[in-house]
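Down below is the structure, laid out as structure tokens.
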Amino acid sequence: MPEFSLSKEDTAVVFIEYQNEFTTEGGKLFEATKEVMEKTGMRENSTKLLEFCREKGILVCHAPISFEPGHKEIAAQPYGILAGIKDGSAFEAGSSGAGMFEPMKPKDGELVVKGKSGLCAFTSTNLEFLLRQHNVKNVILAGFLTNCCVESTMRTAYEKGFKVYTLKDCTAATSMAAHEAAFEHNFGMFSVPTTSGDIMAAVTA
Amino acid sequence: MPEFSLSKEDTAVVFIEYQNEFTTEGGKLFEATKEVMEKTGMRENSTKLLEFCREKGILVCHAPISFEPGHKEIAAQPYGILAGIKDGSAFEAGSSGAGMFEPMKPKDGELVVKGKSGLCAFTSTNLEFLLRQHNVKNVILAGFLTNCCVESTMRTAYEKGFKVYTLKDCTAATSMAAHEAAFEHNFGMFSVPTTSGDIMAAVTA
Amino acid sequence: MPEFSLSKEDTAVVFIEYQNEFTTEGGKLFEATKEVMEKTGMRENSTKLLEFCREKGILVCHAPISFEPGHKEIAAQPYGILAGIKDGSAFEAGSSGAGMFEPMKPKDGELVVKGKSGLCAFTSTNLEFLLRQHNVKNVILAGFLTNCCVESTMRTAYEKGFKVYTLKDCTAATSMAAHEAAFEHNFGMFSVPTTSGDIMAAVTA
Amino acid sequence: MPEFSLSKEDTAVVFIEYQNEFTTEGGKLFEATKEVMEKTGMRENSTKLLEFCREKGILVCHAPISFEPGHKEIAAQPYGILAGIKDGSAFEAGSSGAGMFEPMKPKDGELVVKGKSGLCAFTSTNLEFLLRQHNVKNVILAGFLTNCCVESTMRTAYEKGFKVYTLKDCTAATSMAAHEAAFEHNFGMFSVPTTSGDIMAAVTA
């Protein structure tokens, strides 16, 4: 049993980048994330959590990333992770890679975060607008990559005063070492690290 | 002749909400903005400015606003301007009102700002991401409403350190009084108020 | 009687720039704000409101602005309102002008917002951090200048999802025209315009 | 030799939290950071880098953190890293722990970032204001803790479009494992990881 309880009224789950590029055979980053996804079972666990949220009426925000053909949103000579995305033409709008992971496609009426061109799910998007308009206090984070977008989002959410929960069984990185280092060294500073099972128990309690 | 010059390399024009709701007969706010649009000729002037930018290779960012059916992005019990938008079902995605003003439709390859659910064109969008990735220093603002979204965007852009130019002949409010009060009392604090003619002269110079 | 009520637990008043530069004979902007201050009685009304907050235990945030000698925080060649501040050496740290208005000096234990180098009281400061850490939902704004810092703060607070209240009798601009135009055309879009009397009645109710 | 060069005109070094709490015997976190500081020599390296910046005229921003007695800026019932800071009364304004590390005290005329109550050096401060007003493009980060404030600052700076450089020999965490995991898994995504020696060579080149 978790040591916390969650009220449905002021809680939201943000599902970050459940897109074929990561989740599905043929996706450009699938080979990189496959091992962690399989070890943590994060695709199955996340799907279950999404279904739980729909059943209970917990606010869901899907936060995909995409770029127009040519990745013209990104600098002509980028560096770091954005260079990798541009060079690999990853998450190109309209491509199958940018498409949502089939079992977790947004349903009509669910909130889909718009504008995500960067890493943190807040920085270039309407995510904060959505959360504040819905009086959200507790933000539960799941998705890709543990130590990239999920971690940046966690850090920002913490500073913005949300109570942040991160899910070790619903996140994945490009190696178990990166995934585990993030939880071991960083996630406890900016969130309550937990699991999807504990989240569901905390809501039901 | 303007007292400033502009380099094409570090300048962008942000066209805010050139959408039928404002610009076109039948739009939900057309009757409200019609008088100012006609008096300032802002639709014709803006169209010319857009064509000039395309010709000269100046960066263009289109910044429309839209909401999913039901306006579920907005609070259940909103107040202020967002209450007006929700109550009137304005800018509903897929509706003709949310459609772009025909003469100023984005061309393939032009940047379209995503996420605009609020008033300031920075707050809930990827606008800053786009401008920074493109090394923009000078931001030229045009569109709707002079004292609402244009003014909020101007104030934010100024604080972010951009050199901001606002165009009296390419903006419109719901009354000449509101339009003129904004320029008279506020715009000089946060921008260089000017005209599209001067902008074009400043680039060509 | 106001049409709203306010809970002490989730409400804060932000007092913007009650500093001698504006409020007191000899201040560099005193001659500019004097007329409006006298007509609205904003110094007396604000002092009363501050005392009311102290009595009732309502959270108070003082938000002064200041610059190091030489105003080196500001660009070498600024424009707009920051140019005016730098050219006039206004709000220089340690000067009497930057000092707090005597009747409204912060008491030990009251929150003083830090970092204000720009206009919006959020942009360069820890104001949002303070408000979120204290679970504030309602933000009441008072101070200087109606159409500059108060208005920028109001616009940002609104987008951030706070319920914003602005006080016509506790704000001042450099002319009655600017003060009134702000309330007439802009403040209703981003706040509930009201008075200090109504705020006090709404808390007591 | 580094593979990059740096122009003095658009570069700034941000020194994060060189305060006795971390750097000096008796500081509340000194025992925790001591091992990494000694192994990386970060105090000596950072002092040398600061002297180099002063000599060359490179912009320096000191970014200390502090809280008023009682840590009333922080929530009544905080969690995560802010709970640790509050419970331990760390960085209390006026205490020796909050004092600057003697060899790196800001000189008159150097910029001192204000408002830092959170972890990211941008979020609750005037740092971005300072960098934009000074036309900074390259941001070099040094200080404490590698995987906490330095990393959050790096992530935000990257999204804001700065070219970010992080210094493995001028940062420290509470364990070598945390320090090294940050550089191994995360820093290359959001910065150019390098050393103070390479920075100095890149400026001189």
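Read from first to last, the chains carry the letters A, B, C and D; within each, the first residue is number 1.
One rule holds for everything that comes next: a contact is a pair of C-beta atoms (placed from the backbone, for glycine too) under 8 Å apart; a residue touches a chain by one contact, two chains touch by 3 or more.
Small disclaimer: the values here were computed from a predicted structure and weren't measured.
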Label of the chain whose CA centroid is most distant from the centroid of subunit C: A
Distance between chain centroids, defined by C-alpha means - subunit C, subunit D (Å): 32
Subunit A and subunit C, separation of their C-alpha mean positions in angstrom: 38
Separation of mean Cα positions, subunit C and subunit B [Å, integer]: 28
Contacts with two or more other chains, residues of subunit A listed in rising order: 75, 118, 123-124, 128-129, 133, 135, 159, 161
Touch-based graph of the chains, sorted into line, ring, star, complete or other: complete
Subunit A contact footprint on subunit D (complex, rising order): 75, 79-81, 118-120, 123-124, 147-148, 151-152, 155-156, 158-159, 161, 163-164, 173, 175, 177-178, 181-182, 184-186, 188-192
Complex contact set, residues of subunit D against subunit B: 128-129, 131-133, 135, 159-161
In the complex, subunit D residues that touch subunit C: 68, 70, 72-75, 78, 109, 111-118, 123-126, 128-130, 133-135
